[in-house]
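In what comes next, chain A is part of two complexes: it sits with chain B in the first one and with chain C in the second one.
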Partner chain A sequence: MRVIVPIKQILDPAGFVVHRRMERVFVNVENYIINPNDKNALEEALRLKDAHGAEVVVLSLGEPRVDDALREALAMGADQSFLLTDEAFAEVDAAAAALILGKAIEKIGEYDLILTGQRALDTGASQIGPRLAEYLGLPQVLEVRKVSSLDNGTLRAKRNWEDGYAEVEVSLPALLSIAPQANQPRYPHGARIMNAYREWKVTTWSLADLGLSEEELSPLTRLQREAFPPERTLGEIIVGTPDEAARELALVLREAVDW
Partner chain B sequence: MDLQYWELLTGEAAIEEEEEAAYRDIWVVAEVEDGALTPVSLEMVGKARELAAALGAYVHSTLLGEGLEDLAQELIHRGADGVYLADDPRLAEYHLETYTKVLSDLFQEQKPEIILFGATELGQELAPRLAQRLDTGLVSDCLDLSIDETERVLVARHPVYGGEYFHVSTFLGVKPQIATVRPGAFRLPFADEYRYGDVEEIAVDLEGIEGKVKVLSTSAGEARPQVPLSKARVIVAGGRGVGDAEGFALVKELAEVLGGQVAGSRGALDKGWIDKEHLVGLGGVPVKPDLYVACSIRGDVHHYFAMQEAKFVVAIHQDPDAPIFKTADIGIVGDPKEVIPPLLAELRTG
Partner chain C sequence: MDFTFPKEYHLFRRMVREFAENEARPLASEIDREDRVPFETIEKAAKLGLMGVPFPQKYGGIGAGEIGYCILMEEIDKVCPSTAAIIGAHTGIGAMAIYLGGTEEQKQKYLVPLARGEKVGAFVLTEADAGSDAAAIKTRAVRDGDDYVLNGTKTFNTNGGHADILSVMAVTDPSLGARGGITAFIVEKEFPGVHVGRKENKMGIRGSQTAEIIFEDCRVPKENVLGQFGAGFITFMQTLDVGRLSIGAASLGGADACLEASIQWAKTRQQFGVPIAQKQSVHFMIADMATEIEALRSLVYRTAWLVDTDQPFSKEAAMCKVYGSEVIHRCIDSALQIHGALGYSRDFWVERAFRDQRITEIFEGTSEVQRIVIASQIFRPEGVRISA
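Entry: the complex of A and B
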């Protein structure tokens, strides 16, 4: 059984400050991390490895620095890793990213499951999973909180659904997106981190390796500009005895709630 | 001479425009839950009307399910010019494959200029799949939509890094332009009972569609206490400073009177007044209510990150230097135990 986990490397939000009045993002420390939710997907794959002996393959699209993310995944327990990097991949949007990942997955060959994170923290989007599923012609189950059982090519899972949950059954191969509540990702052992850099390898594929041309990657959407929420103005402080303050607050609240 | 006008003079631009005109109108994919339209469906219709005015276009809505004739009328009352109804017993239950098939058939035939989905479980699942099938772009979880009238393209603002700031994205000449819309981002439009529109039946062709995803059971029938905290519109939260369980009971009472949910900070969790599902802060859920009342919560940075998207914040705290007052719209320096009882009395008499 083979499980493929596409992961994304993002800028660590702990390293930047958003200045609302100046409408700028100041990056103090340029540090990159694996999208936290993608780690939940990887953890779920590793649990399938522990329980069913699945082979876990991670792949990631981006600049050469993404190598670190893949080595971290290897240290956590992944078996194989692929880095998809090319100058032509520099400014891809979701549709092109799904195409590149799709081609890479086809090149990897046989698989039973694809697990993705539910949402990317940096863009807030949750497109890659369903787009990939559509491209590969797979059924999808999104926002999975628990993989309940897996046998004979059928998987049962509990997913978030309409303020509650739904228990669903899907035949493999399939794509699942994993919700953040699903699990607590493991920490890699120190020795495995050393091995990830010294012993194990990351295979690199470029545009040509995937049989793609630049025209196929032309973006469909574009970031026009950044926008910032209004600066929080210093609020009003109601002064007076508790009774007076309560009366004034009641007036404000009634307005706010009736809205 | 500005060469921009050259094309207009030679008529090249006019030809281009005619080709593009094949894609027209705004389509809203309405959602039904428990036999009623979800609020976001109506909010989208309201926003679509505004966009349609800028484009000179019509607003259509799709409705999939069984026995939904009355809901179609409601969509028209709220602003849709027409409703495309797929009334079929096979669509009574949502299935990924059937819904995708019906919608992609419809959109391939009708060629919408813009399609709006709610950023709900259903929308987040269908929209990207359809975008991929129709070979077009999608912007997820939008908080604002507008039309760039010089380029005639949709411009969408959506939060990044959990709402720290926004990206404003636009489409590069691809149609249909698809967006998913955050519930509550737009106002509910007024219902005009006298509005008139067409309801058209869609032919449903589900030949050769096999459901690979089966829904075995849902929690719909179970008694669920409340909407999850992340979707609550009013939240009253208490911290360690309310003192004791009695003090926290006041917080609960205030939540009840305001028709909202009770929550707590890390301190309240440690005291055992709330469970983890109701934690606002590190390890809890991010909340985005219209009204957030913080009682004796100092407001550390994790708490701030979790509630920064709240629209109106009220803080009651004993310490005038508590950081929470920096994020509050209205603050009262005082003990919640003294402020809440007269507040409750005041709200009840009102």
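Entry: the complex of A and C
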């Protein structure tokens, strides 16, 4: 069994401050991390590895620095990694990104599952999963919060559905996008961290390696303008005596928590 | 000249920092208050290879060397000096003695489970009348057939109450003194005649357990002589040489936590209508802390590099310990001053850090002993021999 996980490297939000009044973003420390929700997808794949001996393959599209994200994925437990990098990939939109990832997945060969994060923290577009499934002609289950079972090529999963969830069944191969609440990603083991840089390799593929031409990547969308959304008041203040407030808070929490 | 860490150490630091924040910090106050060892944290650390960071992977370690081990100690000490002390006694000296002095068989049998964190180690040297003067130990080991029989009482052993594998120093020939007369042994807790005595009621690092260990006709097989017979004092001193460095690293983390907290508090705390971060008296304290921390960081990681590249490091490691412990002393004092009455309150971590810090100037060789080590290294090439 082979599980493929496309991941995205993003700028660590801990390193920048958004100044709304000045409409500027100040980057104090330029650190890059794996998109947190993509780690949920990787964790889900690693659990399938632990339970069913699946081979986990990660791939990522981006600048050469994305190598670090792939090595972190190897350290967490992935078996193989592919970096898709080329100057021609610099300005691609979601449609072209899905095409590049799709070509790479076809080049990797056989697979049973593709797991993606539900959304990226930077763009928040949630497009890669569905577009990739369309390109590869796969059934897709989005916002999966739990993979319930997997046998004989049939996977059952719980996916978020309005205020609750829906239990769905899908035949493999399929694509699942994993919700952030699906799991708590593991820490990489110290020895795997050392080996990820000293022993293991990341395979790099370029435009030519994927048999693509620059024309195929011309964007369908164009960025017009960026703006800052209006400031929101976060949270809700519960008023009343400590007793009343505690009771109210307990009720709110009870409703919010997914038992 | 390149001062950048190889990339694997960036990822390692990030992992350790997340581990420290999520697993060690939430328990730091509780284990101090309740005087209990955080076994749950140690178990989780073991699963990530954090109990065997400096050792090669063939011995169950992660192969991160002293640089990796210093990163670990720095990040853990930022949030919980008790947890750092447990790991330090286990890895930095307990298991380290076996790594430095042990035979291949001993390493396979004892170092592998220690490095994997399946067993806990301790370094058993100090006695009531022998601390800084380590050669004054009285614990005796007498040959009897294929065994040695140990008798004596060891004090102030970190992890002493719960360690499985003890690296122990005992006198095998009183007529020969430190060089020739002292031998190191690997003692399993399960050997007959090993007893845990009283547990110390300490000022700080209360989440680590410091206990007395009593050997009463304890039989240790001759295969468990650690290093050369009669060379135990040297094995132990070499172990302490390396251990010292990591206390400098731990102090660096603790001092950094003081600085960071002081900056944040100074921005928040308003007096005379402005944040105290506007006050020159605070600027000077913050500037001094930051400068000393930066100097310590350079010293610690350069020394770790000396160790990992097989260069002499004895003098520098002693400098890491004495300077580190005194830097964190001054930093916690300034942090407490900046926090004012809040810093003196038991409800806030600064008070605990103040108590936790003090031991760094005492354990694994007092500041005075470190200065003797440094001076003797300086004077030796001048033909001047320094005795304590």
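The definition used in the following text is that the second predicted complex is superposed on the first by the 228 of 259 C-alpha atoms of A that agree within 3 Å, B and C clash if a C-alpha of one lies under 4 Å from a C-alpha of the other, contacts with A are read in each partner's own complex, and residues count from 1 in each chain.
FYI, a residue touches a chain if its C-beta (ideal position, glycine included) is under 8 Å from a C-beta of that chain, and two chains touch if they have at least 3 such contacts.
Everything numeric here is computed off the predicted structure, so don't read it as measured data.
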item	value
Which superposed partner A:I193 touches (first chain B, second chain C, both, neither)	second
First (chain B), second (chain C), both or neither touched by A:E72	second
Which superposed partner A:E169 touches (first chain B, second chain C, both, neither)	first
Partner chain in contact with A:S126 - chain B first, chain C second, else both or neither	first
Chain B or chain C, by number of chain A residues touched	B
Partner chain(s) touched by A:V27 [first = chain B, second = chain C, both, neither]	neither
Partner chain in contact with A:A51 - chain B first, chain C second, else both or neither	neither
Parts of chain A lying in touch with chain C, wherever the complex brings them together	68, 71-72, 75, 187-191, 193-194, 196-198
Residue ranges of chain B touching chain A (in the complex, touch as defined)	33, 96-97, 120-121, 124-125, 127-129, 131-133, 135-141, 155, 157-172, 174, 212-220, 222, 224, 227-228, 231, 234, 258-259, 290-291, 293, 312-315, 320, 325-335, 338-343, 345-347, 350
Chain C - residues contacting chain A, complex	6-8, 11-12, 15, 18-19, 47-50, 53, 57, 61-64, 68
Residue numbers on chain A that touch chain B, as the complex places them	13, 18, 20, 25, 93-95, 98, 121-131, 133-135, 139-143, 156, 160-171, 174, 218-229, 232, 234-239, 242-243, 245-247, 249-250, 252-254, 256-257, 259
